[in-house]
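Each of the next two complexes has subunit A plus one other chain: subunit B in the first, subunit C in the second.
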Partner chain A sequence: MEILLSQLFNGLSGGSILLLAALGLALTFGQMGVINMAHGEFIMAGAYTAFVVQGVLGDAGLSLLVSLPTAFVVGGLLGLALEALLLRRMYHRPLDTLLVTFGVSLVLQQLARDVFGTAGVDVAAPGWLSGPVEVLGFTFPKTRLFILVIAVAAVVLLSALLAFTSLGRRIRATVQNRALAESSGISTRRTDRTTFFVGSGLAGVAGVALTLMGSISSNLGTAYIVDAFLVVVVGGIGQIKGAVIAAFVLGVAQSWIEYSTTASIAKVAVLALIVVFLQARPQGIFVVRTRSLV
Partner chain B sequence: MGLLVGCGARVSDGGGTGDAGAACVDTSGTSVKVGFLNSRSGTMAISENTVFNALKLAADQINGAGGVLGKQLTVVAEDGASEPTVFAEKAEKLIRADCVAAVFGGWTSSSRKAMLPVFESNNALLFYPVQYEGLESSKNIFYTGATTNQQIVPALDYLKEKGAKSLFLVGSDYVFPQTANKIIKAYAKANGIEVKGEEYAPLGHTDFSTIVSKVKAADADAVFNTLNGDSNVAFFKEYKNAGLTAEAMPVLSVSIAEEEVGGIGVGNIVGQPVAWNYYQTIDSPQNKKFVADFKNAYGASKVTSDPMEAAYTSLFLWKGMVEKAKSFAVPEIQKAAGGVGFDAPEGTVTVNGDNHHIAKTALIGKIAPDGLIYTDWTSGKPIEPDPYLKSYPWAAGLSG
Partner chain C sequence: MNLKVFTGRWAVVGGFVLAAVLLLVVAPALLSSFRLGLLGKYLCYAMVAVGIGLAWGRGGMLVLGQGVFFGLGAYIMAMHLKLADAPASTGVPDFMALISSDGVPVWWEPFRSGVVTIIAVLLVPPAVAVLLGLATFRRRVRGAYFAILSQALAAAFAILLIGNPRSTGGSTGLNNFKGFFGFSLRDPANRLMLYIIAAVSLLAMVALARQLMVSRYGELLVACRDAEERVRFLGYDPAVVKTVAYAVAAVMAGVAGALFVPIVGIISPNDVGIIPSIGLLVGVAVGGRTTLLGPVLGAIAVAWAETSLSERFPSGWTYAQGLLFVLVVAFLPGGLASLRSVLRGWRERRRPPRAAEEPPVPSLSGSSR
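The block that comes next holds the complex of A and B.
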């Protein structure tokens, strides 16, 4: 029982990390249909932002709190630059987008190696996040609780943005029917840019959270990009709630299977489950219903 | 004219190998070529670039002191690109097209295994500078890193001496950790140590919550860690955050050297033991000079580590063999190799002529708050290399 619960927590925590990595992608890939292979490198940029901020500020606690909004802006600006310079020329050319963004991801990785060196760097976790916390006899690592909170906050804020703001309405209108949105006076160009800014900014936030968990090096992004795409595809293109459910289900499945077998087998089993699921339901958990003919 | 001289001075094959492996090494001029084959790109570049730097330093020092048999070394560098197949191709190129006298490099066991047939069929020489899983020996490879009885077995002796009655094994899912763990389990069985668990994570695995939960639940006296690369960072951060400490349950690692400590974060790993044959902090004139020269060449913030030192040493050992053989020819070097020694930064090392490994002293170190590693335990004298663990009764059947 105790194992079951602690593994449930490990799974939810793993899911929250997946979710943070995938949330921005759910917006740019899910909503806009852009296959951005450089999303992982935006995560890496967020992690290095945390490293730089800590180098400047010194104090681990303060720098973590400052890093979160800073990394959002850094990731967002990178996304904006990518959108404005390259992607806007190739909407409706998904294959070219994939190749171009893959190239951009390689360029960004090399840039990180040139600037920060090939060896990994460390961002110290603040004292108030070190060690475990005890709740009802169970111990939970504080960093994992913190990431869970960030992930939930990011989902709530993003859902509120989409549901209640005029920007959110514009995004949803553009996603559901671009031509109709345009003819009712929405600047889809501006909407695209803003969506990309927010989606890429979320990748930056994910990067800061990941500094608490693992290695900060030029290949940080590559470790998460495939899982992030899996979450979005399983969740269903164009839906935030799909990504949320998919991330937590995959996280919990991974940790439960891993506990009774091994990490390698759990990875294979989860991927096999995804294949079977997508055979039965290629559109993912949720699907956006539109009256569009395409 | 130049062509004629070149042909006339070609080193003869020396016979015995039978095939076309005609060495085309040109020793007629005032210089001789050596090949450095390291991953300068790809995932292994992080580690192998430092080995390349150490090799380069050794070549510069040898050239500065008059070269080998009066000939200056000309370095031909190739990129193995972290791909075993590329290593094999580039080795072939270095031997047959560049006609180098010897090749230095390789890191992963898969790169070494891929190059082995190339060196054997051409009867050429490879100097391999990294500790590995043992159970191998070739007359065409010199292994200047530790084999298992110079690193893993002493590490187990150390844990046993410290009173560990049970172990938990954590490793990456590939050949080195799996072979190492087979050896560890055989040792544990013979010494009454209980192995409470054995977990493997895929290379590049980033979520260690479940594995750390298992480690915590098993509550062994110590953890033996053969994880490789970035996984170590995620593992040690998780370990600390789960409330586990070096005092309560030490994690002895065999793949974490000075280079890696910075990326893991000293705070996450301070006090944990590691097993190697060299640390930057070794207090000897040879090492002080090596560290000073290295920092001088590559920057004061650079650290020196075991594989770098083994690579640096390998070039000097080759020089010693050539000078003893008075020839650059591979068969002559193979004959002369046994007993060649070098006062290396790690201490005196000696080449074993039978298995082509080198006798070296085992050191267990502890990671200090300054990020460096200080010797905590030493085997006292160089340990004769025994890649097949033939002199250890408990290991019977392992080399099968």
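The block that comes next holds the complex of A and C.
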């Protein structure tokens, strides 16, 4: 029982990382149908931003707090550039966006290797995040708790943005019915661009959070992108709550199966479970109902 | 009308014979043993590309996990070769004996037999493809969802291989093969034989793909790509149509993998994971995904470019590969095969260049907003 619970905590922690990586994807995939493989490299860019900021500022605590918003802007600007230069002209063929963004991700990875070297770099965690903390009798590294907090904060802020602001209303309208939103006077072009900025910015934040987990290298994004996409597939399109549930369920499942077998078998088992799950709900946990056939 | 079909058919036969002469007579006469081995490797990638052209170009399924089928064929063949190379006294392959003394895992044992190995190479990859294909297509999981699942399969496969070093060689993979069904791999004559087998297999696959494309089934496959619901309304089952194409593509990738092992001499997770799996699509996209020969020529050209570029600039190839993806898929979705019609469209100036005979979009799913 105790092992089960401690694995549950591990799973929640893994789930919060998945969630941070997947949140921005759920947003852009849900609204535009764009499959952004370069999202993983935006995460990487966020992580390297934290590294650079720490190199400039020195102090670990201050630089962590500075790099969170900085990485959001860096990721967002990268996303904006990608949207304006390439994806804008490809909205009518969403599957091809996957390949184009994969090409972009290859270039960004190699760029990171050439700039920062192939060896991993480390970002020091601030003193107030070192050591474990006790939660309900279980010890838990403070860094992991901090990532959980960031993930929850990101979800709350994003939900508030979608629910209460006029931008959020425009985004929801565009997701539900693009043509009708457009004819009601919403500039879907501008909404798309803003959504891409926010979604990619969240990847940058995820990157900063990942620097607390270990050293970062150019393949940081590759490690998370597929799992993040699986979260989106299981969660369903167009709603944040689907991604939240899916991320934590997958995180906990991975951690429980991993405990009784090995990490590699757990990966395969989770994938098999996802395929089985899609038999019951082919469109994920939550579906935005439309009347279209496709 | 009849005459046109007649000449068309002779053009096909003539082109096929020409390709056979080039591959089987001219290339072995001109190339050194080393270069011929490289060409054999490119031919293996071309075989995978034929299957991708069928599944992706014709069927609209974005198959991002062909490395899995390639890897299944390759590892099955590699296991057999390792077992055949093992010293007769113990029967344990060299790398296993180094790691532990537990002997050969039970699931390796069937591959001591060459017949079982060949049957497994031909049957295991399509079996996996049918399983995943039916599970997804029957529930109408498609488009991006299917692409992501096939990609996740590649990721899981690579992780599984790395995670079990004792039975799969881990991240180093399996290498250092000495013989191939009793023929020494050191002998240039046997290496030439392997090349010939690869060339003949590729020619056979191209012929098969051509017959599938011109048949009624080929029409159905394209129909599934362009308007799956209508195919369903007409009384066909798109899931079966698509699964067949996916399974055929898997067989081609599996055979390619099985030939890759003796020709190249190594198979490792680096050849089957996510990045190599998507990498297999570059050539197909460059050549023209919807055409018969575009994927083959594209794959060979891209593989050749990779070898010659990375000989000179080690990190240059990654940039080139990334840019190829971006430029071709974003600006020339029909590949080089569509270049002429695109240019003609520009010259006419009446229509915007993109509208000029752009090949149909692979799949319309996801655009239902």
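The rule we apply is simple: the second predicted complex is superposed on the first by the 286 of 294 C-alpha atoms of A that agree within 3 Å, B and C clash if a C-alpha of one lies under 4 Å from a C-alpha of the other, contacts with A are read in each partner's own complex, and residues count from 1 in each chain.
The rule is short, and it goes like this: a contact is a pair of C-beta atoms (placed from the backbone, for glycine too) under 8 Å apart; a residue touches a chain by one contact, two chains touch by 3 or more.
This one's a predicted model, so the numbers in the text were calculated from it and none came from an experiment.
After superposition onto subunit A, partners subunit B and subunit C are found to clash with each other.
When the two structures are aligned on the shared chain, A:G131 is found in touch with subunit B, with no touch to subunit C.
In the superposed model, A:L212 lies in contact with subunit B only, and not with subunit C.
Once chain A of one complex is fitted onto chain A of the other, the partner contacts of A:R190 are absent, as it touches neither subunit B nor subunit C.
When the two complexes are overlaid on their common chain A, residue A:V121 makes contact with subunit B while staying clear of subunit C. Touch criterion met: A:K267 reaches subunit B and subunit C at once. Between subunit B and subunit C, C touches the greater number of residues of subunit A.
Residues 262-264, 267 of subunit A contact both subunit B in one complex and subunit C in the other. Only residues 60, 62, 64, 132, 135-136, 139-141, 143-145, 147-149, 151-153, 155-156, 159-160, 162-164, 228-229, 274-275, 278, 281, 285, 315, 318-319, 321-326, 329-330, 333, 361-369 of subunit C touch subunit A when the two sit together in their complex. Residue ranges of subunit B in contact with subunit A, taken from their complex: 43, 45-46, 49, 173, 199-202, 204-207, 209-211, 213-214, 217, 230, 232-234, 237-238, 240-243, 259-260, 262-268. Those residues of subunit A whose C-beta lies close enough to touch subunit B in the complex are 3, 6-7, 10, 13-14, 17, 118-125, 130-132, 139, 141-144, 212-217, 219, 223-224, 254-255, 258-259, 262-264, 266-267.
Against subunit C, in their complex, subunit A makes its touches with residues 29, 33, 35, 86, 89-96, 98-100, 102-107, 109-110, 113-114, 174-175, 177-179, 222, 226, 229-230, 232-233, 262-265, 267-268, 271, 274-276, 278-279, 282, 290, 292-294.
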